[in-house]
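Okay, so chain A shows up in both of these, paired with chain B first and chain C after.
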Partner chain A sequence: MFLALKEMSRAKTRFGLLVAAIALLVFLILFQQSLQNGLITGFVGAIRNQNAPVLVYSVDGQRVIQGSIITPDLEAEVRDVDGLGTVGRLGQGTFTATSTTSSGDSLDATILGYELGDDGQGLGAPSELVDGRYPSGELEAVGSTGGDDAFAVGDTVVLQPGGFEIEIVGVADDIQLNVSPTLFVSYSTWSDAVQSVNPDAGEPLPNVMVAAPAEGVTADQLVTDINDRSLDLDALTRDDAASETPGVAQVQQSFQLIFLLYGLVVPCVTGLFFLIVTLQKADALTLLRAIGAPAKRLVASLLIQVVLMIGGGLVIGTALYFPLTVTGLGGLELRFETGAVLFWSILLLTLGVASSLVAARRVLRIDPIEATTGAGVGA
Partner chain B sequence: MKLALKELRRRPGRFATATVILTLIAVLLMFLGSLLDGLIASSTGAIRAQDADAIVYSASAQASFQRSRIEPDIRSAVESVDGVDEVGGLGVVQLGARVPGNGPRDLANVALFGYELAPDGVPEPPADGEAYADEVLKADGVEEGMTIEIGPARTPVDVIGFVSDTSFNGQGGLWASEATWRSTLAENRPDAQLADGVWQALVVRGDVEPGAIDSATDGATDSYTVDGAVNAIPGVSEQQGTFNQIIGVTIAVALVVIGLFFALITVERVGLYGVLKALGAKSSTIFGGLLVQAVVVTLIAASVAGALVVLLDVVIPPGSIPIAVSIGSIVSSAALLLLAAVIGCSFSLRRVLKVDPASAIG
Partner chain C sequence: MNALELTDVRKVYTMGDGSDVVALDRSNLTVAEDEIIALVGPSGSGKTTLCSMAGGILSPTEGRIVVAGEDISDYGDKELTKFRQESIGFVFQSVNLVPFLNAKENLTVVDELGARTGKEAQRRADDLLGELGLGDRKQNMPSQLSGGQRQRVAIGRALMNDPKLVLFDEPTSSLDTELGEQVMELIRTEMKRRGTAAIVVTHDERITEFCDRSVHIVDGRLES
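== the complex of A and B ==
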């Protein structure tokens, strides 16, 4: 322990550079982990955190809500499926808007219209509110929190052009769609909003049908029954609808590849560093062995340095990452991912220690007799 | 310098680990760069292809085609702006297309454009019911001479040829006449249909600034240069900013790794450098040797990484990770890495300068 710390204090630049490299890598990994989760939540939070267990798209929509159109014929097909409990319409559009919180600046707002039901919690409503209440009538909305354009109860959103006004009566976390501020309104409010910005628009058709299975029927069974009914219908469970939204899988695959590469760089850098340092200390280590220092003490000293270096890098990297999770990134809400910090800390420590075993093997191979010949571990 | 190259040739093992690490970092840089290029290319091709001096949206559209409406009177105002030579309407509808031979649920994502002024690489508007398809749609089985059915209304469109790099929002471009676009829009997206004469955007050619157009329309329009319109597409500048930050920090990591590696190598050879200096070698010669080694190691790493990224591009199935590997992005990543290598290596300069020739005699 004493040797390990003494050496580190005497070669601050050398060990400092290693800690800096590891810290930057840890920062990049954690930042990108939050970015990935923030992007996916921003993309499909509205799907994942609404209360309908099944969403029915038209095949033409390619699993994009705004791309899907449910014609009257398709709607009739859905309503006629055995095993269907309740069903409702869901419409979606993207609008230019201003809100009382955006200080007059325009924002891109996504509006989802669902059939409110008696209590505002009809199929398609946000699963949970963090403040306020569900809409009870026209021109009321549940707004999304998070990002630069988080809504608050009492805000008024004005659509442009046309000046159509919607009041925020409740807010919910993680209900964004397309990484934009999102409003859940009644189906008729959505329909009026569409026509308010485009006087040429015909009667909007629902984009998606939201459904719940009858008692004794599972969501998976209902999905199968609907898909068997028509080749033009594409029913998905809520989780599948979120994960199979175009772009989500690509985002995950891209980040997994990036994480793999970063995860390889950290142990390589650590292993290389300690191997070179061990080679440089060859003569001193041989001498220490010759005067009676046990090999396990030298290996322990090496491992202590590895753990301290990686630990230092993890602490600094996490400290660099934390402020980003407070400020966010534009419209994206980045969260401090405690699970990710723990996962990567354990993984990188394990890989780092494993990579230093090459250097440890060199230390164990030292023959004290070499002190009289000068061969050392470098031989 | 000869000594440095000789060492690299005779003791390649000494540099192997650093080369592997740099190769990994180079793969990361090139992959990130290609991913950014792929994302941007698939989102912006249709705008980049416009042969225009300005692209005009309505004021509240936020540069979104779907939210933009240009009425005929606004178009007249734009046409009368000094310096404007030509004005053409442009509109798009994004839908799924049924391709003959594909399964009933296996649709191609298309962005069908109606246009009056032909973009670069796209012929003049075809006859009604026909379209030029972007070649990315070949991966979905689209062929010349084929009739594809668009949207839930199954609007038939004959593919009469292919164009390249005209995708929009990740969907393959289809370039059709005004009438084809209007009928496809009205049949499939009644909520988005537009009256005759109303366009989503205008393409303007001439000696004119976008600001002059907006002034002439009393702020009813929001005009951009082509580059401005590309950057104004929702998400594009955010993607570029985020990726560039990640690439920047990755280069910083490369710089630190190279600095660390050559600092360690320098420490290892202090005695040897003392002897070389005692024999008359200058500090600049010794440091030059280190630089040569750093450059050679980086070039090898960049070359291997370039080959790996090209291989990755071949192996990754179309439609999964949207990467666009180009020589330009590989060369620019290699150049950045070389710069990092030179800067990182210069951390060792101080140590080389401090070597005392007298140390050679103990």
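== the complex of A and C ==
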């Protein structure tokens, strides 16, 4: 510890630059991790955080809710499947609207209509509210929080054209769809809303069926049974429906590639830095070995520096990242993700220590006899 | 008790082509406990090899090495490291100070590597630097010290663990004549004051006048 700290205190600029480089990389990793999760939640949060374990699309819909249309024949097929517990309709539409929170400016809102059930928590309802209550009848909605157009209990949303009004009676986190403010309403409210902006449309068909398995049947089994029933039906579990929404996998893959690059850059920078430092101070290390420093002590000193450098970078990088998670970014809500911080901390520390083993190997190879010849470890 | 006893010590290096080079051949040497000897010989004569074996940096191929009653002939790497840490003082020819430690820390690092006595080591380092005329330079980094001052710090470091034997490898080679003589005078004074034995490796005959006796080495053989 003595040697490690003394060296660092005497070379503040050199070690400070490494900490700054690691901090910047950590900040970018954590920021992009939040960005990825914020984007995906914005895209498919409404699917992930509704309560139906199974969603059934028409094959033509290509796993996009708005593109899927469940005809009466398909609906009948679904309702006939063995192992089905409960089932309901889900409709979705995108509307131009104004709300009391948008100061008169119009916004594009997504409305999802589900069959309320007795308590407003029918299949397809948001899993959890953060304020207010579930809709108990017509013209009431649970609105999404987050972003610039977050709803609050008591807000009124007016659809344009037509002036169809919906009151927000509850709000829930992470229930956006297509990165737009989202409302969960009764199925009939959704149907009325569609007809209010397009009176010639007639009675809209549901976009997907939401289902729950009967007791003793798993969601996976129900998915299999529905898909076996008709080639025109495409049943997915809730998680699969979210992750297989077009675009989600591509976004995840792009971010994974970026994370992989970061995961390589941090240990490369750290390993190279300490290898260069080790070669530069070869004479001093040789002298220390000659006067009785055990090789393990010198390696421990090196590893202490590696841990302190990466630890410092992690702390500063996390401190830079935190304010962004408070303010958000445009319409995206970025969360402080403790799990991501822990995961990356452990991973980067492990990779950093592993990458410095090349320098450690150099230290172990020092022969104290070189102190008498003037040749260091790099010689 | 003698500070050093070498009995029939031999060091053979095997070269890359498989041939053997005898660096030191069946050498015998005894250094009394407060004796300062000059080990004189031309380059490549084996003086540094002898010194390195006496200091536990190298192991002999054959023979017996006893330092202050401790037989180190068969010591392994770990034992030799501990031996160097506790029982020997070194002043090398070229690299002598750790550049990122100040003068005082270059002394206390010896304690950090070994006994870790803390305040006692701090006090001892202060005393040694004071005795060596560096009391006002202890916070200076090696780069802020002159060649003579650096050599004096190295002497202080060599004395930090209160060794029975201090090995000086060409201690004046990088100094001018006047400064070299001052350093040798200092070495003699400090060794005699402490009753510590020393071997001064040199190829400069003028150094021998500061030593109790001279031992010449030629082609790996000692000549008294």
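Please note the rule applied: the second predicted complex is superposed on the first by the 374 of 379 C-alpha atoms of A that agree within 3 Å, B and C clash if a C-alpha of one lies under 4 Å from a C-alpha of the other, contacts with A are read in each partner's own complex, and residues count from 1 in each chain.
We adopt the following convention: contacts are C-beta pairs under 8 Å (C-beta built on N, C-alpha and C of every residue); 3 or more make two chains touch, one makes a residue touch a chain.
Treat the numbers as computed from the prediction; the structure is a model and nothing was measured.
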Practice task
Mind working out whether A:Ile304 is in touch with chain B, chain C, both or neither, as first, second, both or neither?
Solution key: neither
Problem - First, second, both or neither for A:Glu7, with chain B first and chain C second - result: second
Exercise for the section: Considering only touches as defined above, state whether A:Val217 meets chain B (first), chain C (second), both or neither. Expected result: neither
Practice task
With both structures superposed, pick whichever of chain B and chain C touches the larger number of chain A residues.
Solution key: B
Practice task
Identify the partner contact of A:Ile316: answer first if only chain B is touched, second if only chain C is, both if each is, neither if none is.
Solution key: neither
Exercise for the section: Check the residue A:Leu357 against both partner chains and state whether it touches chain B (first), chain C (second), both, or neither. Expected result: neither
Exercise for the section: Determine, under the contact definition given at the top, whether A:Leu18 touches first (chain B), second (chain C), both, or neither. Expected result: first
Practice task
Would you check which partner chain A:Gly202 touches, where first means chain B only, second means chain C only, and both and neither mean what they say?
Solution key: first
Practice task
Flag every residue of chain A that touches chain C in the complex, lowest number first.
Solution key: 2-3, 6-7, 10-11, 281, 283-284, 286-295, 297, 368-369, 371-374, 376
Handout entry: Interfacial residue positions of chain A with respect to chain B in the complex
Key = 13-14, 17-18, 20-21, 24-25, 27-28, 31-32, 35, 58-62, 67, 69, 71, 74, 93-96, 106, 108, 160-161, 179-180, 194-195, 197-198, 200-205, 231-232, 234, 246-247, 249-250, 253-254, 257-258, 261-262, 264-265, 268-269, 271-273, 275-277, 279-280, 329-331
Fill in the blank from the handout: The answer for chain B against chain A in the complex is residues 17-18, 20-21, 24-25, 27-28, 31-32, 35, 58-62, 64, 66-67, 69, 94-96, 104-105, 107, 109, 151-152, 170, 186, 188-195, 198, 234-235, 238, 242, 246, 249-250, 252-253, 256-257, 259-261, 263-265, 267-268, 320-322, 347
Exercise for the section: Enumerate the contact residues on chain C facing chain A in the complex. Expected result: 48, 51-52, 57-58, 78, 81-86, 88, 90, 92-101, 105, 109-110, 112-114, 141, 157, 161, 169
